[in-house]
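What follows is a pair of complexes built around chain A, which joins chain B in one and chain C in the other.
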Partner chain A sequence: MNWELIGDILLATVPLLVIFPSMFALTTWVERKALARIQNRIGPNKVGVPLTPYGGKLSLFGLGQPAADGIKMLFKENIVPTGADRLFHLLAPILSLIPAMLVLCFLPLEFPWLNGEQNSVKAFMLDGAVIFFFAITGLNTLAVFMAGWASRNKYSLLGGMRAIAQMVSYEIPLVLSAVVVVMIVGSLNAAEIAEAQAGWNWYVFQPWGLAAFVIFFIAALAETNRSPFDLPEAESEIIAGYFTEYSGFKFALFFLGEYIAMFAISGLAVTLFLGAGGGPGVEALPWLKVIWFLAKVCILIGVMIWLRGTLPRLRVDQLMGFAWKFLLPLSILNIFIAGFAWHAKNTNEGTAVSVIVWVAALIILYAAAKGLDRVNRAKVKPRTYQYGE
Partner chain B sequence: MSLLGGGIFKGMAVTLRNFVGSYFDKERLTTKEYAWRTDGKLPERAGDYPKEEAEQLSDTTTVTHYSRNFPMLLHDEGEPMDTVRCVACQICERECPPQCIYIEKSKDKKERGGNKAQFYPATFDIDVSVCMSCQICVEVCPFDAIVMNSQFELSTPDRFGGLLLRRDDLLKSNDYYHKIHPEEAAARDKRIADEKAAKEAKKKAAEEAKKKAAEAKAKAEAEAKAKEEAESAEKPAEAPAPTHTDAKKEDNGE
Partner chain C sequence: MNEVTAFWVLAAISVIGALVAVRKRNLVHGVFALLVFFAGLAGLFLLLLAEFIAVVQILVYAGAVGILILFAIMLTDRVTGKDAFRVTSRGSFWGAIIALAVFLVILLPTIREIPLVENATPKDMIVEQSSVKELGTNLIKPYIVTIEVLALLLTAALIGAVTAAQGGRASEKEENA
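Up next is the complex of A and B:
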């Protein structure tokens, strides 16, 4: 028995299983607070230290709310509809959580207690990490549709179908925008991608990197069913979509899976475009890398919450049109731009060339986006009302 | 030429302004903080609230005057059951969409407020766990006996008995109604007074008209009698005109 290996694996995985679920708990509170403040409400502010009377002084801005929610979820009745497929109804939430948890391993989080010489780190620093990431997160679609199908409920099924259409469509711009970085670095290994961006050499500062980051972020919103792309669980249209028939701990698992997937995909965005653990002071204090990485993930999550408080939900046809008519052509063009820019930079010396290439690439990308927007808008006629007005 | 995606940034600026502003400007917060029980105990039954009645009323009046929650039964000044307006006609019970009202009519009749003796509700229950606050009972009531209360402090650990409001829980004075919904109550009282005045005026007019009609009838009869007597003295009465031909003419539109 290789006890050293097992110890290393535990050292590498247990922190992930502690950090991300506790970040999830905190994020639910932050999200409720932030959405409330955006709507000029106060938000949860009563649940504080347990076993003190409500309205007591120890409310701590409602920080006890995640714990209260968790306890409530655990004790709620587990309802399975008559005629539902009990096995798949049970499997769906588990299957939605596992891939999200699994891909956390491939994020280049350099914990100080893992010095890079240990076996476990090498095991996780897979050479095909990025491809593996997309392959495994793709399983989430299956879980969502499984939930929709097994519930034996029209709304659940509609939600599941919407989820499939949306996730399949947005996976393409998501992967194509990641391809740019993979192409430039020449590696699918997350650690190598992180290394290539060391010293403020983040890809988001390049025009093609910025475009890819924006496309990636939008597609990531759609992949994780976040607003404004939350059509699979649109409350005002199809109750709660594939969540409709889920209660108690199964619902909590779905919820957890969704947020962990958000963290995972934000982590990948940070790895690919935002310099992974890079930031001020990492040369002197290597353990700051983990802090910077998690801070960047939190900022992306904050932007997601902010967008949720701002944007209304898209219509199904707008959603599909946006993916296929706007994001897809733009991300394909972006691959070419990145290739030319990289080639021009490699074959020519001097800052003048790189500045010209930078500006030219930015202008071409913006013009292309603007043109695509205009072409798409030209087909949309102003809405006419037969009986209204 | 506008910036691509500029609308998103504009919207995000608005929400950011609200987010930051709500921490500094208390006027922005549209919700009022809930008045919590100071003793930390759970309520025993619906409406159980450890405060004085005046304070409880102030809690009810912290909500807007246009708020409505569940129905209540109105009574005028005096002992509630001596002045209750409800006559147990059961219209609200029949109209209630979720059927949350249960009424039992009294066996005897009782005189209230100078009106003629009427039935009164022996039982009047509203299950507020079923009630959907639609106010249809208020709209159909011909006696202005049922109106909406705005009391919201109704939580109870007993979800069956505790949420079934009995007749005596529902009885509220007209003064209370004036306090929680001043405009609506004033309008309702004015309408009741107007209707009463109109009814009395109509009654008076009807009596006068009756008197007049009786007089006129007497006069006409006397005249007709006199005429008949005179005519019968001159020649025999003519045969009545055939009515069906007239009807036909009208049908043809001539």
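Up next is the complex of A and C:
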């Protein structure tokens, strides 16, 4: 056996398996606290560290909550419905966690204890990292379907079908908005995309990059079933959707998988648009790259939590219409604009041209977004009341 | 040594997945066995350093085609997954003969044509340029006409599908209006 290789692989993968699940634990606490503050509540604030067996504890703003939740999940009864397909009922949560964990490898996280020469790091920095990312996150849909089908429950199946329809629709704007960056960099390699944005040359500062980032982020919300696109698990309509029949540790796996998928897709957004590990002081201290990367991921997660507390859930027809009639045309237009902007910059020198291109691209994109919005809205008539007036 | 082990493991996964997909009476189980087969095939492609084909295998077959088949099953009453439904296989005899013929006439001569590389090391196999880049350059430079014609064909098929799906409803609306 090649022990050195195994050591390298462990050095590259174990940090991912440690950092992201612990971030998950903290995020559940942050999410509950933030949502509570948005709704004018206090949120979890009791669970802490017990100091003596007789009382007295360090409550630490309820930071013990994730640990308490984890222990609760582990010891809850595992209930499988009588009519359920036992094998698939067991496999579905596992299958939902595997793709989410797997794609973390493709993020350009440069841990300081790995130098770029090592094989294991190169193995993950595949040339097709971005397309691998999309291919493997797509498998999550299958896990959702599996869960919905195996539970032998109407609500589960409805949730599963909703999830498939939603994920398939939103995958298209997600990929098309990422195409822009791939096209400009000329590489599908995550590390090369990160390098291309070194030194504040982030793509989010370009008009097409900004548009692509917004489209990507919205589609990412839908891909990970986050509010306001959480129709597959809409509590008020279909109980909990595809994981209605799940309890205990299987439910915890679903929960973990969902959050890891959130981290992964935020990580991809950071890689593509927000300069990956770029930030102040990176040249002097290279290990800051990991810190900046994770900090940006945390900020995006914070925005997701904020949106969850702010926006109401969409209707199914609004959801589909938004993906196909708004995001899709806009992301296709964005590809053209990025191409023209890139061409104009390459053929002409000088700041004046780049400023004009920048402003023109922004105006075109804004006008297109407004126009699409109006076209889509035109069919909605003001509501008339038969007996109300 | 490692590559050989990986090959046998992946080949076993693929073959078992394919066999289960064909033999399983529960259609949904069959689809997921088929997906296991696709995943095994993607692994084999990765082993051959054809990472782009591997990823397309996952993206198109395991992702898109799998979901498509599941959607189709959803519209039939096989969705209940009862084993009572028996898939009738009357032509199994002729099917086996055709499969054997394909193997003997097409596959076996092709395999014999390929020169065996003795004592090949992984270093010899690594191509200088990455497969994705080479593929992209080839698609855009020499094969641009082919890809454009294909794109046109696919667009036509897409528009045709939309028209076919909407045809009845559009005429109804005209009648109502």
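By definition in this document, the second predicted complex is superposed on the first by the 375 of 389 C-alpha atoms of A that agree within 3 Å, B and C clash if a C-alpha of one lies under 4 Å from a C-alpha of the other, contacts with A are read in each partner's own complex, and residues count from 1 in each chain.
The rule is short, and it goes like this: a residue touches a chain if its C-beta (ideal position, glycine included) is under 8 Å from a C-beta of that chain, and two chains touch if they have at least 3 such contacts.
These numbers were taken from a predicted model, which means no experiment stands behind them.
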Touching partner for A:102 - first (chain B), second (chain C), both, neither
neither
Who does A:146 touch here: chain B (first), chain C (second), both, or neither?
second
With the two complexes superposed on chain A, say which partner A:161 touches: chain B (first), chain C (second), both, or neither.
second
First (chain B), second (chain C), both or neither: which does A:41 touch?
first
Counting only touches as set out at the top, which of chain B and chain C does A:135 meet: first, second, both, neither?
second
Figure out whether A:370 sits in contact with chain B (first) or chain C (second), or with both, or with neither.
first
Of the two partner chains, chain B (first) and chain C (second), which one does A:309 touch, if any: first, second, both, or neither?
first
In the overlaid three-chain picture, which partner chain does A:239 touch, first (chain B) or second (chain C), both, or neither?
neither
Which chain A residues lie in the overlap of the chain B contact set and the chain C contact set?
none
In the complex, chain A residues that touch chain B
34, 37-42, 46, 53-56, 306-307, 309-311, 366, 369-370, 373
Seen from chain B, its contact residues with chain A in the complex are 1, 4, 8, 11-12, 14-16, 18-19, 21-23, 28-31, 33, 36-38, 40
Within their complex, state which residues of chain C touch chain A.
28-29, 32, 35, 51-52, 55-56, 58-59, 62-64, 66-67, 70-71, 74, 79, 81, 130-133
Chain C-touching residues of chain A, taken from the complex the two chains share
85, 88, 126-128, 131-132, 134-136, 138-139, 141-142, 145-146, 149, 161, 164, 168, 187-188
